[in-house]
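Order of writing sets the labels: A, B, C, D, E and F. Residues in every chain begin at 1.
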Amino acid sequence: MKLIKSIIKPFKLEDVKDALSEIGIEGMTVIEAKGFGRQKGHTEIYRGSEYTIDFLPKVVIEVAVPDDIADKVIETIVKAAKTEKIGDGKIFVIPVEQAVRIRTGEQGEVAL
Amino acid sequence: MISRYLLLLASLGLAPFLFGQSVDPLVTGSADAVVQAAAPATEEEATLDSGNTAWMLTATALVLFMTLPGLALFYGGLVQSKNVLSVLMHCFAIACLASIIWFAVGYSLALTPGNEDGWIGGQTAFFLQNLSVDSLNGDHPETVWIMFQMTFAIITPALIVGAFVERIKFSAVLLFSALWLVVVYCPVCYWVWGGGWLAERGVIDFAGGIVVHATAGASALTLAAMLGRRHGFPRSLKPPHNPGMVMTGAAMLWVGWFGFNAGSAAAADTSAGMAMLVTHLSAATASLVWMFVEWRKTGKPGLVGIVTGTIAGLATITPASGSVGPLGAIIIGASAGLVCYYACGFVKEKLGIDDSLDVAAVHGVGGILGTLLVSYLGWKGELGGLGINADNWQDQLVVQAQGCLAAIALSVVATYIIVKVISALTGGIRVSDEEETKGLDQAAHGENGYSLS
Amino acid sequence: MISRYLLLLASLGLAPFLFGQSVDPLVTGSADAVVQAAAPATEEEATLDSGNTAWMLTATALVLFMTLPGLALFYGGLVQSKNVLSVLMHCFAIACLASIIWFAVGYSLALTPGNEDGWIGGQTAFFLQNLSVDSLNGDHPETVWIMFQMTFAIITPALIVGAFVERIKFSAVLLFSALWLVVVYCPVCYWVWGGGWLAERGVIDFAGGIVVHATAGASALTLAAMLGRRHGFPRSLKPPHNPGMVMTGAAMLWVGWFGFNAGSAAAADTSAGMAMLVTHLSAATASLVWMFVEWRKTGKPGLVGIVTGTIAGLATITPASGSVGPLGAIIIGASAGLVCYYACGFVKEKLGIDDSLDVAAVHGVGGILGTLLVSYLGWKGELGGLGINADNWQDQLVVQAQGCLAAIALSVVATYIIVKVISALTGGIRVSDEEETKGLDQAAHGENGYSLS
Amino acid sequence: MISRYLLLLASLGLAPFLFGQSVDPLVTGSADAVVQAAAPATEEEATLDSGNTAWMLTATALVLFMTLPGLALFYGGLVQSKNVLSVLMHCFAIACLASIIWFAVGYSLALTPGNEDGWIGGQTAFFLQNLSVDSLNGDHPETVWIMFQMTFAIITPALIVGAFVERIKFSAVLLFSALWLVVVYCPVCYWVWGGGWLAERGVIDFAGGIVVHATAGASALTLAAMLGRRHGFPRSLKPPHNPGMVMTGAAMLWVGWFGFNAGSAAAADTSAGMAMLVTHLSAATASLVWMFVEWRKTGKPGLVGIVTGTIAGLATITPASGSVGPLGAIIIGASAGLVCYYACGFVKEKLGIDDSLDVAAVHGVGGILGTLLVSYLGWKGELGGLGINADNWQDQLVVQAQGCLAAIALSVVATYIIVKVISALTGGIRVSDEEETKGLDQAAHGENGYSLS
Amino acid sequence: MKLIKSIIKPFKLEDVKDALSEIGIEGMTVIEAKGFGRQKGHTEIYRGSEYTIDFLPKVVIEVAVPDDIADKVIETIVKAAKTEKIGDGKIFVIPVEQAVRIRTGEQGEVAL
Amino acid sequence: MKLIKSIIKPFKLEDVKDALSEIGIEGMTVIEAKGFGRQKGHTEIYRGSEYTIDFLPKVVIEVAVPDDIADKVIETIVKAAKTEKIGDGKIFVIPVEQAVRIRTGEQGEVAL
């Protein structure tokens, strides 16, 4: 199993969620984050003074999936999250050795 | 930077030659009422007017509302979230402390007849010892007058909070505010409203351009310079953590300011009505001017900007609100928006002083600006001016400048000395680096601003 | 959807035949005071009453408080967190702008004697040019009257903000509000309170059911229909980001509404007292009715619901608050809670118009409802009614309906034209999709609502 | 724990022997006004005073402001974020409900002439049936008096909210508040202010130490004991989720309290002025005392602490605010800060009762303390006392104690019975464990306090 | 070493923390999250209009543990977090190649 | 590739970010968290009652890096985040099997 961790722009969350639902992904976990990257921050000006905002709001989506559909999931996320502007984010694929559904205690891919 | 600042102060001090002149005495608004307060014995015939009393009771509530929670929220929203409670605490504790000091000595020193030189009030009303429930001040109870003026003594030191947020020891806040009230506020209040030497020269300060805003502004700048900058100033500070809180506070200040300025008429009369109208017009104008300047300069009109303009417009009209008409108010508001906007940049960028929430640039500069502008704009017949009786506005301007300079001089010198004294007492008025980093909410008060989950 | 809407408006327009009738003129509350204002010259003997002046000063502060910060918070809490500052900014900037316009032309056009037809006020008070500090309006200063009425001119365009939040350009907000105030508010105000044609027919609108709520509601609906829906409307919107802020604003509106309605008596008299009592009872009743309806329909009584009921109850009693007694107030409140609740669903679900914060359903429908109900409930002797002198309530109802229709007609037509004009000027009044997605706080104002860490 | 509590109550009940004595009748402040209200027919010559009316209108707005949003925010900030809306909802719904009950039966039972024994008022004003727009209460409209007193009937049950937050059913809140108002508040109000038996004995309760604070405090303790503790009490509770909200509410309470106490003079006169002054001084003193005690005991002065001190100071001065002078106010404030601070610990740690937001310790103890202290501090000539005419203060103390005990006894017994009845009706007044864990915002109201992203 | 990442219902946090403490786990990191899964969201109704809340509040607990106690930890979490109602959440086990304690620079299992 | 997950004290975030920038790391993702560990919580006292705060605010920094510079990155973080007081936090190194840049679809180390 893989944990597919995607860092995306917050306003793309709905699109990605919908796209994943469409290909049958039924669960995911979303975490708010702040990103630092090539897309530089911005400045806000209050009373004539500049304040630099380094970190931009991002959203991290974590989906655990069976190995065989990992590529399809990645593709789907890329398609849904892309704006082609800098700062679109990254996807990292991390190995998952075990998965457990707390409610039932089921283990392995059935738990996803 | 410090040297630059001293230069500025010195140049302000260069005008002592002004201090020899005088214009025809004239008595307006508050001063009037105070004089009555000062000599109730002579007006045996005075009776209570329930309408005026109703308005003064209301105005008192409005001015307390300006500080609690108005100013507290206005300032609290501008700092980082880790310091928000400390700012609210500063304002709240100062309000309580100032009330007790006003009761104990302040009212007596500031508003009862004092020595012949006109430098300070008397001591007979310490602890309000001779106050009877039936004493009147003009046609309203003296108790109400004491309360109304107390709310001014509350907000003035609270204004200075903006200079030292996010890095000062809480004990230093208490000590500074207490001493400052007695050493700076009370004398200046006596000079202008208590029948002191500035009143005698005919200075015009309807609701506190000199007494409140100039003193607070000059003291704030001095204190900020002595305290030093916040970590990260000026390049890597965090923006205001809650502009909505800032706006809420500013709106409360606006509403409360009706009590401040129209209440300074000491009656529900035509003077109060005009004061309210010009106060409002100045605030509205300054807000829009600030907004458009910011829009032009930065590409975006901001909420923090527009409400800062409001406060600038309110501070600037304050001394003039008994003497100008609507047109004058618009001019004052427009000047306030422009001048205070640039003053913010000047203090922080040019002087390099971390007067963190722009007390000097908004209140100090605004209060002084209004105090000077009233000489011309209040001139009878000019732009709807109502109030000035002096032979010509230039004479009045000289008196007004004297008032400002005297208040600034006392504020700077006294603040300097008070800070030195307190520093010795508290082992330095600034918190440790670690505490500053942690935030004063946790470090000084053991509390958390927001526990939203 | 648009066609449905036009149908609705058309059907409202179908009643022009009403426009030929009239009832015995009667002058109540505000109208009374205005008439005095309009003809101060004839009352040489008028003297200032300090008690009435005290109350009008206070009422003015209360009504400003309704908008700043009341309405701003009420609306600000209802939107998403990424747009909260933009809503506060809209309300604040409109307040400033409306003040200046009122000073420049509004007061003159709305409340000073105008042309013979009764369509619009005069031009002699432009820039308040002839205002003297001593002019009286009845027994309080004209300055106070100008200020009191200014706060109405502030809140009315601010009410419309609810229609266009989260998607409009800020420049369009300013332009729309400015033009709307002059083209819609001032004439209708003149018709009803300035001695215009509706006043002559004896229309009853104590504190602004027609002048304030009907105009704002009808204009809001028109504007919302033209502007289009927010992304995600109606199925995937996010819920109000801060119901506590909504409640805080609503509570301030309630308190401030005492100034609005009881202040419209223009005196601290028995009329003001009854206005305050019925205002409060209507608000309380509507709140509970709304709460129980919601409880029944959705299984849970919500905070946003109960306070929306409050506002509905307040808007609905507004025109009637000078003419009904306590029992009438309870009936008005109950009707308001019921009717406005269903009107919300009707506008959003049935008409499909994204009048985002329900201005039409709550203020528009409420204001009109109250304006009609007063004809019967204000009837002398009926259910404690106090105010109506017409021969029968049916005649009065006709006049009331005329008033509503005229105000709605002007509002719809003028809003349509203004929006078209502004659209041309600003290249479309709606922000880009990207800006809407980003949120107006960042996109339009460059600020962040909450930086809690 | 329960047994300890019963012991406490029993010991309070041990003083029935007091109930036989009486002192010279004396009529102060509110009572005075009420008596007039009770017998308007006898004062044919009464005319309206616009100044007094202006102040009473204003005071009414201020007292409503205390509950909405003042108290709601004060309480709302103290709970966990998952319950904040439920607390706001409790306060808001109670305000609406109490208004309707006051209209229907409350005013009549509490403040109109009743049976000979002095136990309860009459029924002739049910639904305000005979109210005419022109009825006067003294020199202000009866409508205003009804409204002013209504705001007291609103805040008193709302105070009790602090006892049951985070775990009670919403339906139970409504039922309890409604019954409590009729069964506890109305009688006690009649006894003290309506000309009932306590008024005849000359009890002094200017603005509600007995009527408001003692009843609310005793009922809160009883209810909290019956309802049981919140999960996690006392060791693993979460701290107040938003101290800034607490402070905002407290500041509004402070400002509004000016209307509460100074409004209880029922006129804009010297009594109102002194009431405002002593109210303010007590609040400021109690705040500082609380802060310093906390500083000493815990090492850190907290914001929640200082503002709790404020409320203690305000509650404690309330009964005394018509009889003491400035020095007396300082003493009352200092006692309030000290005694209520330790009372908080006593109730929670020693009694082990989860009176969650310390209603009994702050309001109950404060109100009783002030009611007792006034006998000595209000003594003419003593420490600036103004009001007591009884032969000696000991006699007055006995009457004061009688008043407190009677109010407490009724509160405890009636609360016990009401809770039992409601429990039966609602199947237990406490929510399920699951709902408590989930939070009442979601569980009971289907809403979310903060959706900040 | 393993990183045991559990997604649980927020109100179970205290129970899980206590259960882990009991079996000697001394450190963990907790992150607020929003979950999307079989447990569908809910609707909130304001002024008669429905608002759909897709994402439910969840809490992510991350605990790094030596390989040998991983199973025990999982078991403990399952037991403490279970309500047997839908939405109880998942546990994912992810390999950790290295661990460092910042304060001391210690590496490996001693750093946990 | 490795995902270097560091749990640090919040006020050290700026320092760590700057230190990483200096060694050429151009991207990272930051998440707010609450930590439980040897550094015990604290009590807050309100109205004389004690409230125990178990969880302390922490910040999680996630940086994905090529294998060869992982050690250097760890070293840099340790140096920048260290205060030598308890609670400084941990670094965990987790294998990353794939990385994708959403904007371009690039995969592997170039995507970082």
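The criterion applied here is as follows: a contact is a pair of C-beta atoms (placed from the backbone, for glycine too) under 8 Å apart; a residue touches a chain by one contact, two chains touch by 3 or more.
Given the structure is predicted, the values throughout are model-derived calculations rather than measurements.
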| item | value |
| --- | --- |
| Target chain F, source chain E, minimum contact steps | 1 |
| Chain A to chain C, fewest steps along touching chains | 1 |
| Where chain B and chain E overlap in contact partners, by chain label | A, C, D, F |
| Between the pairs D-F and A-E, the one where more C-beta pairs touch | A-E |
| Approximate Å spacing (C-alpha centroids) for the pair chain C, chain F | 53 |
| Separation of chain C from chain D, taking each centre as the mean of its C-alpha atoms, in whole Å | 35 |
| Overlap residues in chain D, where contacts from two or more other chains coincide | 49-52, 54-55, 58, 236, 238-240, 268, 298, 300, 302, 304, 446-450, 452-453 |
| Residues of chain E touching at least two other chains | 31-32, 44-46, 53, 94-95 |
| For the chain C and chain B complex, residues of the former touching the latter | 48-55, 57-58, 60-61, 64-65, 68-69, 72-73, 76, 84-85, 88-89, 92-93, 95-97, 99-100, 103, 127-128, 131, 133-134, 136, 140-144, 146-147, 150, 170, 245, 268, 444-453 |
| Touch list for chain A against partner chain E, complex | 1, 3, 17, 26-32, 64, 94-103, 105, 111-112 |
| Footprint of chain A on chain C - complex, ascending | 236, 437-438, 446-448 |
| Chain D to chain B touching residues, read off their complex | 49-52, 54-55, 58, 62, 80-81, 238-244, 247-248, 251-252, 254-255, 258-259, 262, 267-274, 276-277, 280-281, 283-285, 287-288, 291, 298-304, 306-307, 310, 325-327, 330, 384, 386, 449-450, 452 |
| Residue numbers on chain A that touch chain C, as the complex places them | 11, 14, 44-46, 53 |
